[in-house]
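What follows is a set of structures to go through.
Next, two complexes with chain A in common: one pairs it with chain B, the other with chain C.
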Partner chain A sequence: MSTIEVRTEGRQAVVTGPPRLNMTAAPQLREVLAQTVAHGSPQIVVDLGGTTFVDSSGLGALVGGLKTARQAGGDLRLAAVSDQVMTVLTLTSLHRVLRPFPTVEDASREW
Partner chain B sequence: MSGDYTLRGLSVPESLDQLHDLLQQVAEEHESVEATDLMLFETAVIEIAGNVVEHGRPHGNVAWTFDLAVLPDRLAAVLSDDGQAYDLDEEQMADGRWAMPEDTFAEDGRGLALASVALDELDYQRTGGINSWTMVRLRREVAQP
Partner chain C sequence: MGKQLLVRVLVVLTLVLGTSYVGWRWFFSVRWENWWIAVPLVMAETYALVDSYLFGATVWRMKRRGEAPEPPEDATVDVLITTYNEPVEMVVATARAALDIRHPHQTWILDDGDRPEMRQAADRLGVGYLTRTEDWADRPRHAKAGNLNNALFLTEGEFLLILDADQIPAPEILDRTLGWFRDPEVALVQTPQWFSNVTDSDPLGSQAPLFYGPIQQGKDGWNAAFFCGSNAVLRRDALMQLGIVGYVREVEDGVRDALGASRRILARAARSARQHGPAAVAAVTELRSAAQQASVALRRGEPVGEVTYAFQSAADRASRSLVQSDLEQIRADLAELPPAIDVDEQTGALLVDDEALTLLSERELSPLAAIESVRQLLRAVDVDRADEAQPMMPMATVSVTEDMATCMRLHAQGWRSVYHHEILATGLAPEDLGTMLQQRLRWAQGTLQVLLRENPLVQKGLSAGQRLMYFATMWSYLSGFAAVVFMAAPVFYLVFGVLPVHAYGLDFVMRFIPYFLANQILFMVVGYGVKTWRGHQYSLALFPLWIRACATAAANVFGKRPLGFVVTPKTRQQGLSRFPLRLVWPQLLACVVLTVAVVAGLVRLWTGAATSEIGTGVNVLWVAYDLLIISVIFEAALYRPADTVDDDTHDSSANSKEQIA
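And then the complex of A and B:
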């Protein structure tokens, strides 16, 4: 059963992250992000409010989604990240390109 | 290493969830361990274990044993597996740690680097046909308010 949900509204989409974004969930997220951009919604907010853990394969899926979104004229932003996710983003310096916002609403403004 | 906690199984993706659950159990049974220490330790354990799942050969048929000890000054674990020896890229090492990829937009290559920075000691040994990853995180003092 999929734990990754997508809500689209025109060019914008909100993708809900899985509880643990590790190597079992990362390929599915990668596919969902690619499909979302391919269907015309390259402005993506990944809602990580329900994601307690991310590993390097999960980061890879997010970076892949970011590149795909930017190539289509959009961007990918993170919302509601947990302590573990924020720590991992900082340790890898990826917070500079995968911008975390407090809420989905904050992340959805001013594309 | 004999530890307080042991997990045995095959290095397949589903086993990662068992490791997550085991570390959750450690957190519940050792409330004195700082949440940040356990969180970083779990981050490293899953990276190393994920590395074994991805690169262990024969693929899907590598048996592993995970031992974890909660000691007064440290969290220590050894992940041992009976797969083939790993061909580690020593060029990615700097000051005893694995370096992050130079390309910010790289989609892989961060696993060992992330484990390195989350730990105080990360060591790989190949002895008698067994791969062993030793992981140590020294427990930080809690700042009193």
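And then the complex of A and C:
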């Protein structure tokens, strides 16, 4: 059932977003992000390359993850954002807080 | 359609007559030598005319919706019952009725009181039970808005039916309302609030048939139907979107302010750094340039998350030179200073306390203490919103009445709202004057807070009609000042012969009476079939309350003073057997003064001290009207509800399903 994958490497982790990040998938993503931080990897890149749809609940899970990561001394960044996702980010002006990076490598370059 | 035309004709007539009357008053009949009463009077009349314009705009295009379409297929719904301290039995009755709602849904009790007996009752009923998560400990709780915000992240239905603890829903409530959400832009469907424990004469003015009728329908016509906190269905996605938008705005504002403050603190620390050696100078200088860069980056529009991440990293580097033991001491010192950035206990608005900031930056802080205080400052407002229980607050926390502020933000985001004119839930109104006054005070304060914090006239994203509809409600809460003038003016005339106008002659009467009559007829036609008199009485009779609401809301917004917020008790207050003089003394005093004035006026006319029969006549009638209006408060003060359920409730539930056409 879980379409959310996590690859951890020390303090860093790449979390793959589900195809549809909507109000059904949001609680699951929130949980995965919290677990990842709890297991010692607070520097998270969320790879949205395979995510074709996101709604406000999905964005809510990302903001929740950002909070958890920051409080553990890490950060959360977005990578490979599709056009639909970018539209939602712009509509809510969340891109003013979270910059979407083209690739996972770009997102984690400074770490 | 014929009625709408008649309403429009009457609106035009009232406004033409009113404008010509008030214009004549300003230009030709103000007695400027008595300016101290003449100017307030003409201003009060202007206030009333503006009110007429806003009312006219409201009823200009009343939207009478019929039946909603069928509910969207597979709509998932959470029914959220909010409670704080209401009796468990009351909540249980509401939860039972919620379980009986026909459309598939999940029922939740949101218990802000965190009561074990409430939890047990929920378990017995088989409904969900939610209390605040541990994130809320030691953080602003935001009352009912906070309760709902907490639940929003613990539930997942597409739609949310919100019910106050006393609002018993009808089984068909969702079937009748969900269909409006077939329009993907609709975020809210509000149904009327209607109270089952109110007698026909309704001495406390609990029912609001003019509001839950022509006014809401009128607002609906401008796509501005209001959210009233209960008996409403909301679209989760719309609320979540508000949460994100609000989060971004607050983070941006907070970080900008905090960076500005940090630069002031660091500038000062730089001056004293020299005494602490080259290492301290270097650390402060580095952080100063980091703060400078961060401000520039923010202005350039770079994502806040990156800006603060970079700045926090710089601050970490700068403070790495701190010895841990020093740090402990510095934190203890800082804790003694008043917090420079704080959160309003009740509303959750971010308060940047300039005084405390100045204090912080003027203290001879050691460079290391300055660095640490800057770090703390930024952390409070950073993207993780450490100062709040959760970073996103979809329900607006800017006001003690979360509903209006939330609704206005929804409209500003381009969402639509629907007023569904059918009673689908019945609640319990306050049963004594004291409780009723508390409730009205809270509504008035909340509305005025929104006016002062987020003035609808200048909000981006709202249409002109929506701006006016919000402003109309806020404007109506300023009536207390006008009421005082409308009572004072005839008293000064009757007792001292002080004229605020050139003459209370025929000219005056001929201009005033047609305006007054047109206005009354407009009200009668708009409110045909519903009782509007009580509402009209209370809008003037509660003048002390409205004035208090204005004063406390202004002190809260500008002076950051607490409002004295109270949850409205849903059960009757005990120990009110005596006449509640404490609550109504201003009105009582007004009545005594008005009556004395009438006697004095008649004596003056009889003795020849006053010479104008028309003048005395107009003012005596005027006082009589004032007394008739105020009398409602004494009726309310003397009102004692029956201890058993009224017989009337049978009748009322019978016609409660009826749509009022």
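Everything below uses one rule, namely that the second predicted complex is superposed on the first by the 111 of 111 C-alpha atoms of A that agree within 3 Å, B and C clash if a C-alpha of one lies under 4 Å from a C-alpha of the other, contacts with A are read in each partner's own complex, and residues count from 1 in each chain.
Simple rule for what comes next: contacts are C-beta pairs under 8 Å (C-beta built on N, C-alpha and C of every residue); 3 or more make two chains touch, one makes a residue touch a chain.
Since this is a predicted model, take the numbers as computed values, not measurements.
Look at A:Asp55: by the touch rule set out above, it reaches both chain B and chain C. When the shared chain is aligned, chain C comes close enough to touch A:Asp75, but chain B does not. Of the two partner chains placed by the overlay, chain B and chain C both lie in contact with A:Ser93. In the superposition on chain A, A:Arg11 contacts neither chain B nor chain C. In the superposition on chain A, the residues of chain A contacted by chain B and by chain C overlap at 23-24, 55-57, 59-60, 63-64, 66-67, 91-94, 96-97.
Against chain A, the residues of chain C that register as touching in their complex are 153, 156, 158, 236-241, 243-245, 247-249, 251-252, 301-306, 309, 382-386, 390-392.
Those residues of chain A lying in contact with chain C across their complex are 23-24, 26-27, 30, 55-57, 59-60, 63-64, 66-68, 70-71, 75, 77, 91-99. Those residues of chain B lying in contact with chain A across their complex are 13-14, 16-17, 20, 35-36, 39-40, 42-43, 46-47, 50, 53-54, 100, 104-108, 110-111, 113-114, 117-118. The part of chain A that touches chain B in the complex is made up of residues 20, 22-24, 53, 55-57, 59-61, 63-64, 66-67, 83-84, 87-88, 91-94, 96-97.
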